[in-house]
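Below is the structure I would like to discuss, written out as C-alpha cells.
Lettered A, B and C in written order, each chain numbered from 1.
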C-alpha cells in the first residue's frame, strides 16, 4: 500500500531550483533511503514533506490524501514526524519534557479539562509520561529522564530526537542524517533500533551520507542529484551503478 | 485651502522628511547590520542637540563650532553606549535581551539629560535667516529651504561616502554579511563602532536642523525621535538607503499633511497608526526584502 | 514528603494572612504591599508572554489600563458591582489581547515589539484626548469602594485580602496551565519555534493564546487598581510602566512563575529605597536593566535557558 506519494514536486529559491519535479512513492512498512551529494536537494525535499517549505508546483499525498501546502503542525498531526540534520532537540529542558512535547498532539487534554476537571487533566498527563518513559527504555536512556537534553552525549541526543519524533506515534518517520557524528557502534545500535521500529509497523524514510549504513538497512534507495531524482533501485543495483559513483566524484564519500 | 498654503505644507513636509531621513540613517544601518532596535537612538541625538543648544546660548560659541562639537559628542555617546552596553550582548541567544538593554540605555541617557536640561521646552536659536523668499512664484521661509538643502546635502554626501570611499564600502560589506566581511579582514568591531558614531553624528545634525526650524528642543523629543526612526525605517524597508529616504519622506510629508489638514493634536497618534498599518500589511517595507529562516 | 509540602504551604498561608494584621498600624507599608500585589498579578501574566512565548510586549500597561478604565466606567458611571466589573474588565483585556496577538502570525519578533509600543502609545494618547469617554488627563474619579458578595471593603487590610485572593487566583490558574501540555508547548515555542511546529504544535495560534491569557490578568489587575485608587488617569499606564513590568519579570527570572514574585519584591524594595533619589529613578531603572541583562540575564531565579 502506498503511504506517501509525491508527484513532480518542485521548489525554487530565487534562481536556484532546489528540488526539480521529484516523484517518489513510499510503501507502508518500507525503509527507503535517499542519498546524493551535498546540495542535491535531499534536505529541501524532506522540508517539503514536513511542511516547512511550500512547494512551487507538484503534489504530495499521504495515505491517499492531498497534503500539499499544509502547515507543519497539521502534517505532523496526520502522522508524519521527522528529525533534523543539525539536531534540534530542546537543549534547555529535560529529556522527558522533550519527549512529552513530541507527544503533544496525542495528549488528549484541553483547556477546559485543565480548569474544570483538574484531576482528569493530571491523569492524562501522567499517562502520557508513562508512554514516553517506555520510549526511553527502548533506547536505554531511562536513567536520564530528568537530565537536561544538552547534558547528554551527542549520540544520545540524536537518539533522543528520534524518540521525540516517535512520541507522536507517526506512521511515517523522516530521518535527516541520523548517523552524523555517531561512532560505528552507535550506528550499529541505530540500525538495530530502526529494524525493530519497522517490525512494529513504522515506515521509515532516511537521508544519509553513510553509504554502508544505508545499504545495510534500506530496502530501496533513491539517488538525488542537482535537485532531481537521479536513480531508484535496490541497494545492490545502486551500489554497482557507475553513474551513481560518478556523481559523487569530487564529493566526500564514506564507505 | 489655498494652493500656496498647500505648497508651503508640502515644502515643510519635504524638509521634515529629509530631516527624518538623516535621523533614521543611523538607526537603520545598525538594525540592518545587527538586528538591534536601538531604543536609545533618539535620546542620544537629542542629547547632542541639547548640547548644541547650551553651546550656542550659554557659551555663545560660533554656530559652526557648536554644531560640529555637538555632532561629534553625539556620535561619541552613541559609540560609547555600543561599547558599554551593546557589544557584549551581540551574541545573545534571545534578541530581545539586547532590545531591553537598549531601553535601559535610553532611560539612563534620558535621565541624565533631564537632570542637566530639565524637561521644559527650550528655545533653540534660529541659525538661518527667516525671511520669506520667492520660489516658483510662491513665498516660502528661507529657513525651510536652507534646512532642506543642508539635509539633502548630508544625505547625498553620506551616500557617496558609502559608495565610493574605502571606509564606506567596508561598512556596506559589513551590512551585507558579517562573517564574509570578517573573512575579508575587515575589522568588524571597529566598523560597527564607526557606524554607531556616524549614525549619531547624522542624527544630531538632523536634530539641530529640526530644532532650529521650530525653535524648540526638549527631552521629550528623544522618545519621539526614536519612534520616528523606527517608523521611517519600517516604512522604507530595512537595509536599503533608498528605503530610508522613501520612508523618511513619506512619514514627513504624511505627518505634515495630516497635521495641518486634519488635526494637529493627534499627530503622534498618526505616526503610530502609520507604523501599525505598515507592520501589519507590509512589514518588509517598500524597498525591503523578505528574510527566510535557514533550516 | 507530602506532609512537608502541606506544612510549608500552610505556614506560608498563615504568614500571608497575618501580614495585614501585623502591619495595621503601618498603612504606608501596607499600601506598598498592596501595590506589590498588583504588580505581581501584572507580572505573572507578563512572564507568561515574555518568558514562555518569548514575545517582548512593551504594551502591557495598556491592557492594565483597559481593565482599569473598564471597571472605572462600569462602576462609577453605570453602577456595576465589583465582581461583574472585574470579570468584564478581564475579558475585555483578553479580547484586546487577542486582537493585538493576531498579527503575531505575520509579524516577526522585533517588529511585534514595535507593534506593542505603538498600541500602548495609542492607548495612552487616546485616553488623554477622548475627554468625553475617558475624562482626559484628569481621568475618572469617584469609583465606589467595592462590596464583594456582601463583604464591604473598608480598610487597607480589606484591600490586601482582596488583592491576595486575586493574586492567588492568578497564580493557581497559571500554574495549572503551565503544568499541562500547553505549558510545555509554550516552552517549545520559546526554545525553537520551527521544531515546535514540527511537533504538531500550531505555533501561531498558541502565541495568540498566550498573549490573550497574559493580557486577561492585566485586565484583572487594572480592575483592582481602579477600586483601590478610586481614580484612574492616563499617567498610570505609560510606556514607563510597561518597561518597569518587563524589568520586574527579567530580574526575577523569565520563564519561571515563582521567580516573578522575587522580581516584583526586589524591584519594589529597590524603588522604595530609592524614593529619596526620585530624580534618578529612570536612570537607576535603566542601569538595573542594563546590568541585569549583561551579567545575569536569567534573573535571580530564572530558567537556565536564558543564560548566554
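Just so it is clear, contacts are C-beta pairs under 8 Å (C-beta built on N, C-alpha and C of every residue); 3 or more make two chains touch, one makes a residue touch a chain.
Note that this is a predicted model, so its numbers are computed, not measured.
K.L.:
Need the most distant chain from chain A, centre defined as the mean of C-alpha atoms.
P.N.:
B
K.L.:
Look at the interfaces A-C and B-C and say which one is made up of more C-beta pairs in contact.
P.N.:
B-C
K.L.:
Of all the chains shown, whose C-alpha centre falls nearest the centre of every protein C-alpha atom combined?
P.N.:
That would be C.
K.L.:
In whole angstrom, what separates the CA-based centres of chain A and chain B?
P.N.:
49
K.L.:
Would you mind pulling out the distance in Å between where the CA atoms of chain A average out and where those of chain C do?
P.N.:
41
K.L.:
How big is the gap, in whole Å, between where the Cα atoms of chain B centre and where those of chain C centre?
P.N.:
Spacing between the chain centres: roughly 34 Å.
K.L.:
Spell out, as numbers or ranges, the residues of chain B touching 2 or more other chains.
P.N.:
295
K.L.:
Residues of chain C that contact two or more other chains, please.
P.N.:
194, 305
K.L.:
So which stretches of chain A touch two or more other chains?
P.N.:
52, 84
K.L.:
Once bound in the complex, which stretches of chain B touch chain C?
P.N.:
Contacts found on chain B: 35, 37, 85, 88-89, 91-101, 103-112, 114-115, 223, 227, 230, 234, 265-266, 268-269, 272-273, 275-276, 279-280, 283, 293, 295.
K.L.:
Sort out for me which residues of chain A touch chain C in the complex.
P.N.:
Counting only chain A, the residues touching chain C are 50-52, 71-73, 76-77, 81-82, 84, 88, 90-93, 97, 100-102, 104-105, 107, 109, 111, 114-115, 118, 121, 125, 128, 148, 164, 168.
K.L.:
Taking the touch rule as given, give the residues of chain C at its contact with chain A in the complex, in rising order.
P.N.:
173, 176-177, 179-182, 184-185, 187-188, 191-192, 194-203, 303-305
K.L.:
Across the complex, what residues on chain C touch chain B?
P.N.:
50, 54, 56, 58, 103, 106-111, 113-115, 117-119, 121-122, 125-126, 129, 194, 239, 243, 246-247, 250, 279-283, 285-290, 293-294, 297, 305-306, 308
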